[in-house]
Amino acid sequence: MRTKPSTDPLIIGGQEFDSRLLVGTGKYPSDEMIPDIAAASGSRIITVALRRVDFEAATDNVMQHIPDHMQLLPNTSGARTAEEAVRIARLARATGCGNWVKIEVIPDNRHLLPEGNETVRATRILVEEGFVVLPYINADPIVARQLEDAGAAAVMPLGAPIGTNRGLTTREMLQIIIDEIKVPVVVDAGIGKPSQACEAMEMGADACLVNTAIASAADPVGMAGAFAAAIRAGRDAWRAGPGAIRSAAAASSPLTGFLYEQTDPS
Amino acid sequence: MRTKPSTDPLIIGGQEFDSRLLVGTGKYPSDEMIPDIAAASGSRIITVALRRVDFEAATDNVMQHIPDHMQLLPNTSGARTAEEAVRIARLARATGCGNWVKIEVIPDNRHLLPEGNETVRATRILVEEGFVVLPYINADPIVARQLEDAGAAAVMPLGAPIGTNRGLTTREMLQIIIDEIKVPVVVDAGIGKPSQACEAMEMGADACLVNTAIASAADPVGMAGAFAAAIRAGRDAWRAGPGAIRSAAAASSPLTGFLYEQTDPS
Amino acid sequence: MRTKPSTDPLIIGGQEFDSRLLVGTGKYPSDEMIPDIAAASGSRIITVALRRVDFEAATDNVMQHIPDHMQLLPNTSGARTAEEAVRIARLARATGCGNWVKIEVIPDNRHLLPEGNETVRATRILVEEGFVVLPYINADPIVARQLEDAGAAAVMPLGAPIGTNRGLTTREMLQIIIDEIKVPVVVDAGIGKPSQACEAMEMGADACLVNTAIASAADPVGMAGAFAAAIRAGRDAWRAGPGAIRSAAAASSPLTGFLYEQTDPS
Amino acid sequence: MRTKPSTDPLIIGGQEFDSRLLVGTGKYPSDEMIPDIAAASGSRIITVALRRVDFEAATDNVMQHIPDHMQLLPNTSGARTAEEAVRIARLARATGCGNWVKIEVIPDNRHLLPEGNETVRATRILVEEGFVVLPYINADPIVARQLEDAGAAAVMPLGAPIGTNRGLTTREMLQIIIDEIKVPVVVDAGIGKPSQACEAMEMGADACLVNTAIASAADPVGMAGAFAAAIRAGRDAWRAGPGAIRSAAAASSPLTGFLYEQTDPS
């Protein structure tokens, strides 16, 4: 069980961030909404699929909408093997996207689930090459441990298959990962409502990445703010130390004696 | 289904409140903590068991710790029948506690569950006498409807037996109450963590009353702040209109084509 | 907590039954399927809405499909008040349907939830008149206690709104009812799958009434048999005393030492 | 989605079995109970940790308690790598335990979770050597697919960490595995109650392995029978095609008209 920090920034790859909400750039009604989402969310880290970056185009490029103060987290979306993920990461760095990378190795087109062993392999290679590596994984504590050993800067286990908004369906395994892994745990994929992000933080997660649930809301900017508040609430609750769950009721007001000691004023 | 308001104060009994978190006065390590809880929670309504009020004492009285700006909500804790609840309410008003009352009729010492029919009877009597009545009930939509018809200013269904911190165990019935009842729905009892209060608000509840979960935290003041943020987040999420829950995955980044159109820079 | 019986028939109203599955007569593709359902389910008690009984008709009457060996349980479907329920019960007895009655008082057309207080009133009247009364209620432990005190032969709390197949959504309150009430507890309404009936029995329920989940299956007769087996399994599990739920893993096979004591035969 | 079979034996490795409940040999109060467990469960497949087999001893050997008609499924408990699992499997075959093997590769002493990639490697090797291989895995659809491709005779995903009795905590991933994998899916580990085994079968699982929940019951033989019945019930329910889950209530008895067409006989 991790001990609670006295101060509370999120630290990944040696950098401090004053927000524990990571956001994405996919699925918005328009890329022009991204600056407002960034502002409302207070997020300091934003993920982008390199495929969406058009390095030739002077305009109409997702990159031009990403605020300068944010840490860019290119992802390897589209990779089906470690080698492909490595190629995408190198390309991102070569084209000026920096040395952070979110590894996604997804061989399955239907459920879009990540492959653990290829992810571990890609992580070993990219850590060796000086990348700050954040791998996206199934909620598998053994794989998380292997990634920590391989030098990952954080692990990003899923709550449910991506885009489903189904919440923390992997709750039991997430708790084991949170309890056992020392690098930051960022719950990624499946979170559909702020209450679910709040619960992840209460469980001791270090951060959440939320994309679909914000982008698919009727009011994405309002939803970004709601997620930001919920994540702070969950973190604060974890720090405040919740009380025990009880199987029997316990009154919060005294139940006896009152009526028989005073007279009725009516 | 209720339509969403354009502005967003909580309105009960004709009064507007800028917080949707109600707090209690029981179970704190010391009553002297109450002003800090009130401040951290931002709460505008506070419940107190009349039994705890010592009207003779100049000091050491829970009442002296309740901030003046808060709406007092005396509860009828200790009542086992409608008549007893009515007596307590009248006594509260006669001794200067105002005309708001939370009706609690609890005949059962073990699980502390409220009795619906006596609660309806007490509500009818007290509404007639000019009280602003907020009855505490099991999550029973039929009883909630009867209370609305009787003139209750709000209904306060439980999420779980009081003091258990077990959360929204009555979720299905709460949703029916929220969808069907027009007066404000305040979820009361059982909420143990901010994520659960957040979820109640996402479901469309109008407010939550939280006592045990704050009072039994290691850091009650920190937990009060966490609940306040979570409830705002849940309300904002409800207003922002969450996206659909999907049974199948949907990528938030494009998955195909990338690797086969660009060359590897490595 | 009830003590476990040494022998195990279901006893209601002084009669012994060798099945803990009650079935209904509504919603089947054809009433002619009823005898096969009765046989496959092994059920000994069957409920019927008096409205469906055409006492004039020589043929095409649901009654002619009900096997003679079954205890008939007419229900007061259609009643909105205690008085209406009482009238239907008297009519059922007068027209030869016997003195058992399932009280249903349902004032709400949308969610079809029962009204507790009218149900208690009807129970008092009909018990006085010599009926064997099985009232259908929301999962409210206080109402269940009042019905027990009123002389109900059993209580029938719902798992979820009728016809929804949503399962034991009222689990927490059902457990309190099971633990506190001495007359048989028959879980009625909402059970959609045999696993849910099995769970109710593991919790200590005395029986389940299942109608929609059987009638709406692709193969109702096969589903009736599945429910019968699941209910026996749940009852047997309750009698066998399940082991504790653990938060940490515990190996069922020894994990150490093996490899280092024996040589590899390959 | 798999199509439903017209006849219904469990087929693994070309053999037919008339039971879908697999049992273990660990944790019983006494090994002498094993024949009674085998009989009450109706099980045809039994797993044993090779470490428990003392090939020298004439007596006091777990093997002497295993009925001859059962298929022996030696497991590689104690293995931390593919190589160790392979050595144990070869040893089992060499010492007369047959060519079936349940691969367990568990590097983690606290949560006892299996490692996917080593399991895939061991499976490839042992399939090549002619074993009938049933690998125990986390509920990871990608690993399940790799094992199917490697020639596994079945896959054995966990419901919860072994020995916890916590049930189907991996439900969402189990459903994907069941829907996507063509070889039999045997849910193994974590199942604590018959209702949970029943649910796994309703979801379409082909079988369940249950050890701790039977061995730790107050009456293990009674609990073995309860699991057998629950698994048959769940399988039958899956074959019978459950009805839809509905969000709104639907009466199983007619609700209107009755009272206004007939006269009260009282």
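The first chain written gets the first letter, and so on, giving A, B, C and D; residue counts start at 1 in each chain.
Convention: contacts are C-beta pairs under 8 Å (C-beta built on N, C-alpha and C of every residue); 3 or more make two chains touch, one makes a residue touch a chain.
For clarity, every value in this text was computed on a predicted model and none was experimentally measured.
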| item | value |
| --- | --- |
| Each chain counted as touching chain B and chain C at once | none |
| From chain B, the most remote chain by mean C-alpha position | D |
| Same or different contact residues where chain D meets its copy chain A, judged by the half mark | same |
| Length of the line joining the C-alpha centres of chain A and chain B, rounded to whole Å | 30 |
| Chain A-chain C separation of Cα centroids, rounded to whole Å | 44 |
| Whole-Å gap separating chain A and chain D, where each centre is the average of the chain's CA atoms | 34 |
| Chain C, residues touching no fewer than two other chains | 110-111, 113, 161, 166 |
| Chain-level touch network, classified as line, ring, star, complete or other | ring |
| Chain-chain contacts as defined at top | A-B, A-D, B-C, C-D |
| Residue numbers on chain B that touch chain C, as the complex places them | 107-108, 110-111, 113-117, 120, 138, 140-143, 145, 160-161, 166, 169-173, 176, 180 |
| Chain C partner contacts - residues on chain D that touch it in the complex | 24, 26-27, 47, 49-52, 75, 77-79, 84, 86-88, 90-91, 94-95, 104, 106, 109-113, 161-166, 192-196, 198-199, 202, 211-213, 215-220, 222-223, 225-230, 232-234, 236-237, 239-259, 262, 264-266 |
